[in-house]
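Both complexes below contain chain A, partnered by chain B and then by chain C.
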Partner chain A sequence: MSTEQPPPPRKGQIGVDEWVAQSGERQEATGWRRGLGTLERRVGWWQRLAIVALLGLGFGLITNNVNILTVGFTSVLYAILSLGLNIAVGWAGLLDLGFIAFFGFGAYGYAIFSSTALGTGGMGGSHLAAFESIPIVLVAAGIVGLVIGLIALRLDGDYLAIVTLFVGQAFMEAVNNIDPGTLGGVNGLFGLDGLHGLGGEITTPRGYFFIALIFCAVLAGILHLLDTSRTGRAWRALRDDPLAARAMTMPVNKLKVMAFSFAAMVGALAGTLFAAEQSSVFPTNFTSNILILIYACLVLGGVGTIAGAITGGIAVTVVSAMLTSPKDSAYLFYGLILLTLIWKVRPWRHLAAVLGGTVVLGLVLNAVVGGISSSATAGSPGSVGWIGSAVSHWVIVPSDAATYGNILFIAMICMVIALVRLEGRKRLILAVPTIYIAACCWESRLVVNPAITTQIMLGAILIVTMAARPNGLLGARRVEVL
Partner chain B sequence: MQVFIQTIVNGIVTGCLYALIALGYTMVYGVLKLLNFAHGDVYMVGAYIGYFAIQWFGGPTALSIPVPLLIVIMLVLAGTGCGFLGVAIERFAYRPLRDAPRIAPLITALGVSFLLENTVLLLFGGFQKNYNTSEFINLTGGGIHIGDIRIDPVELTIIGVSALMMIGLKLLVDRTTLGKSMRAVASDREAAEMLGIDVNRTIALTFFIGSFMAGVAGVMSGFEINFISSTIGFLAGLKAFTAAVVGGIGSVTGAMVGGLFIGLCEAFSLSYISTKYSDLIVFGILIIVMLVRPTGIFGKRALQKV
Partner chain C sequence: MDASGAQPLLELEKLSLAFGGLRAISELDLRIGNNEIVSMIGPNGAGKTTVFNVITGIYRPTEGDVRLGGESIAGKRPDRITRLGIARTFQSLRLFLNMTVIENVKAATYGATKASPPESILRLPRARREEREVQALAEEILSFFGERLMGYRWEQPAYVLSYANRRRLEIARALATRPKLLLLDEPAAGMNPTETHEVTELIGRLRGELGLSILVIEHDMHVVEGISDRVVALDHGVKITEGTFEAVGNHPGVIEAYLGRDPEALAEA
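This part shows the complex of A and B:
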């Protein structure tokens, strides 16, 4: 009698909650998606890491523009920072709002060992080589993290967030006020040595980019091993349910302190690279704005995954860098609107209607308003390049753009909120004026204030990501236990 | 002795402001178990509303209405404005995340705080705005003088308004139906919903009241400190936060006591220890209190149910 053999069970990762959560997808995916999924599963983690690192290497080799290399360095730096934050927040579930203090600690630590700060009378000082100073700073940061972790043991959840927030703030106060002779006070420390040792010194942006890349790749490898180790699983258990973890005899306290300490060391590592590249440190480098930036990186990429943390770090830095150039920010802004529309608006005729409606609305309004009063369209759009000239007969930018832009900004926020609330046809109809107002506001006000615009967009990224995809772009879905 | 008493007076004045902001933190924490990081920025918006109200009525040197009326109008405007802002924040930022993991609304709160701060920066610029209180309120002549100790009219207003609002709030929470439903939502949201309490409405009203008080505190601190900017929300929020935590977050009485306590600590470290380290001292106190009594002075240790 021939019995039908059951299909061999696919290689599963029982107990890994991402795998369990994707079981539905694995069964449903068909065609090319399934092929892609299989391919994704077949490529091992170190091959993926090597591919990404080689891509970075290639980027560093073919790019000659110093600015682009600096942006590259910064994005790798933020990737490292969000990897560090991920240890505490993503894996162990400890909301660490004092992470910025460790970044600063590393930077100041490096600065002290690599400048005249320890010398007397403004001369001398210890100029340790990088392979001496960086380990010292990392160990010190680990110990500080340990101490703060021990403090944090008594607290859970929100109280932990508060105390760590104060640690971050206390760090700012301390470097601003304590011992201006050594730490430089508000003026910071400058004239630091570059990373040097064994007879060489790194001076070029490309060199720093490569160093950061190497550190980031090694770190990602170590973190992957850590993530899949017993400790990594224990952290996730702690994150999902501390009480159950304790009941399963996991050393909850030790795990928490370890997470803090490791996060502190990674943060400090980023700090040393940052200080060496900038060759100076200032208290304003470590404000809560930077903390929010790191959180935005991690949250956007996906809390709890290595790939997400790296992607988020790179994405947020590149976006911030693009926003500072009027030409690139136009691509970013209009590209983002277009992408959102393509993603959200179906079927195609609706998409075409919205786009066509927006273009026609703009042209008609521009002509009508320009006909009534020529000063109302006297200003020129803030974007430069072909986009700027293309939209100059479309958007309305009066000569007094600032006040007008402010009003539009408020209107834009109200309309976006209304857009979220509406459904179906009404939403499509409202989308037309909303896009137009957003474009007018962008051209008249936002694009000329890149610094503020970046911050506003970061805030918006945090809110929107949390509402739409709480686990980030590459985040692992969790199995909700009820 | 004179310095000592004057320090106490100053501490009480600052403490009242911190307490008003802290009440918003603590009430929101009570009903939602959410640390509303954006609350400090609501306070900042209140200060700006007050500033523009002064400009609207002719500016500090040429006011078109009597000063007491102006103050009342400013307080009401800033209070309601901030109240509606708070309700809007709750409606559009926090409500969609009510059943999300705890970390999600906290990060949203950071985002809202960032958004508010930078929106104000975009709209009104980075320059400090000046209330110019001394132009229309007689700070040296009016008020109470006992020996060398003086309490100027602004400080009197702050103490009076704060006391009134705190008593009002305490009565509201303890004696009214709304207060009862707030307490019900705070102790168990699902059970409250099952008993027919409109949870959404209660939470929205909690946000309204909390933000109302933050707006009032913003205007009054504008009178007291004169200079306002888009960044004042962060530090004030942080200290009020300390106050709420020291008093025991979730407890209304705790927030009042905590606010006064932090205000006094700050005033004493300013006048007796060091002007530079006063913030560090305040944070140090917080950390010590948290270690000795993690739930604060009036906080109750929550029973963990499994």
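This part shows the complex of A and C:
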């Protein structure tokens, strides 16, 4: 008879509680990553917020470029907007497409109190100070948000989205058509006061950047405190499972309306800052395109996180601004390709082969085509500066660049699709001509039309980022109910 | 038992629920006394979970009444009913998966706390005090489950938990509403024999240490036998019988509901 003992239970078995408990320790990083992790745990939330705000402040003090400060203001504005949207979408899980209406509401509210829109007497003519008009507008927006929340109470998911989308559209139509004498109709309202009060007025781009920064930092702090309170917990519970939330003592309807109302107030706050900085408002400032951009900010940054909403707002705005300048957009375009290659292509010799292959292919093709017909390479690349001169003997740009560029664009899309379908060595080989065609298309066509290219590039950047980080730049993993 | 005529904790009186022409529950009478454990059994589709849904306010009864401590609660909102002292778990787990384990428990204290958003933002005294109490309560409740939901898991999102631990967390979350009556919907479903045994013990402790009354839906007859003061058998929304585990188990109506009728008996009839 065999008296063999059963083997002692091995350490490290799935299903053993202690082993599962130690999973964190096993995954613990070493070296500098560990140091960074420890540092991250030690720094509290308000210290982080202060650091980020001080960085922004320092940035605003250093730069004197008005354009950069304006972009800075816009990026902080979008950070505020995506923070507001995050309350409804990220926390309470309400797909609120009417958010843009509250941005507009805030802007028009400020405009009315800071211009002669209501005539020269009474409230309108008094040119209210910012510390009077902004609270009035915010409270009004909160009430309107409450009412719209009440209307939307019985709706969920897609249905809610469609109804609130209508709210956004209705707002635009309303300001366009109701009382053009007061609201200016399609011509909007202009000549608004800047933010003023207590004897001072903010007039410079730097001033607006700073004021937006302060508002954003305070708002982020408030939202963090709210998120970790009973209200924040209830919102997140509501998003995960409304039925269970109801069964666990949470008044779901009240919470939904509250989320709508809070989001509306934050949206309106952004609106007041926007109107004051621009010193004018137009209905076209509040189209669905802007709404989609705010959603892009939130999704890119990470739905449901404060840091993500801010990061997304800044990232999308800065990228959009860069894309309008040919020089900066070239950096983005080639940088994006390079980063994707570095991130995706391993080992290093494959990366070197793809990069080298692309360069050689371009030089050879350029020489050959130029030898056959000199007009085929007669055009000059659209990029300016050193990138333009660097690629001028590499890409093929004929004199009729537009038609050629259109054809290349379609070819590029076909090749990208093929690239996605292929695996291994074939993909690597196909990557070389794809990159080259993309570059040719960029230099001959895309860079010349920044308005279109901005959208395409923004879309491409979103796709690449979301593929790399499906939960957004700073988002945590989220599961749907299984 | 309330044979003495004392006030039962929960009382269903001629409770009926119809969805159009379909009668999901018909004239159901049920009483649960203080500190009593009652099991509800019956084949799939018998209407057991529907009874839970009526008690907790998800459905409004078509006829009849639901009384908690003598007060009618029929037609009240689910969150109100839970605040009055009836908490439940779900057959298909419904945790707040993206929240941490301890947040799941804390979230269920919403109804018992009062701090408004401005108070929470400014961390005013009431908000701070409530938050301390909620934290202490959550820790106490989670500790009740021993090592299973201990320490390291508290700050992890609920979706990392195993199936059995998710069931435990659902019970913990229900306890955080400070119920008098706990409704457990198949607490042992999908568990292995060891875990099933633990659940049986846990239900006993819930009554013994926390003084709860418990209504359980369960298919595992070992669990039912181990915990029940009384068993209620349901089929097609009608109460077949009620009594001790043995009496109900040998009742011809129950056997028929589960297994169908004996052909010989049919022939004789």
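Convention: the second predicted complex is superposed on the first by the 433 of 482 C-alpha atoms of A that agree within 3 Å, B and C clash if a C-alpha of one lies under 4 Å from a C-alpha of the other, contacts with A are read in each partner's own complex, and residues count from 1 in each chain.
As a convention for this text, contacts are C-beta pairs under 8 Å (C-beta built on N, C-alpha and C of every residue); 3 or more make two chains touch, one makes a residue touch a chain.
Quick caveat: nothing in here was measured; it's all calculated off a predicted structure.
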{"item": "Fit or clash - chain C, chain B, common chain A", "value": "fit"}
{"item": "Which superposed partner A:226 touches (first chain B, second chain C, both, neither)", "value": "second"}
{"item": "First (chain B), second (chain C), both or neither touched by A:351", "value": "neither"}
{"item": "Superposition-derived comparison: chain B or chain C, residues of chain A touched", "value": "B"}
{"item": "First, second, both or neither for A:462, with chain B first and chain C second", "value": "first"}
{"item": "First (chain B), second (chain C), both or neither touched by A:252", "value": "second"}
{"item": "Chain B versus chain C as contact partner of A:429, first or second or both or neither", "value": "neither"}
{"item": "Chain B versus chain C as contact partner of A:236, first or second or both or neither", "value": "second"}
{"item": "First, second, both or neither for A:419, with chain B first and chain C second", "value": "neither"}
{"item": "Nearest-approach distance, in Å, of chain C Cα atoms to those of chain B in the combined model", "value": "6"}
{"item": "On chain A, the residue positions that both chain B and chain C contact, one per complex", "value": "243, 478"}
{"item": "Chain C contact footprint on chain A (complex, rising order)", "value": "15, 17, 20-21, 24, 222, 225-226, 229-234, 236-237, 239-241, 243-252, 258, 262, 304, 476-479, 481-482"}
{"item": "For the chain A and chain B complex, residues of the former touching the latter", "value": "89, 93, 95, 151, 154-155, 157-159, 161-163, 165-166, 169-170, 173-174, 177, 243, 288-289, 292, 295-296, 299, 303, 406, 409-410, 413, 417, 420, 445-446, 449, 452-453, 455-456, 458-463, 466-467, 470, 478"}
{"item": "Contacting residues of chain C [partner chain A, same complex]", "value": "56, 58, 77-79, 82-83, 87-88, 90, 94-99, 103-104, 106-113, 115, 117, 120-123, 127, 130-131, 134, 147-148, 152-153, 157, 159, 162, 173-174, 176-177"}
{"item": "Residue numbers on chain B that touch chain A, as the complex places them", "value": "29, 33, 35, 88, 92-93, 96-97, 100-108, 110-115, 117-119, 121-123, 234, 238, 241-242, 245, 249, 276-277, 279-280, 283-284, 286-287, 290-291, 294, 304, 306"}
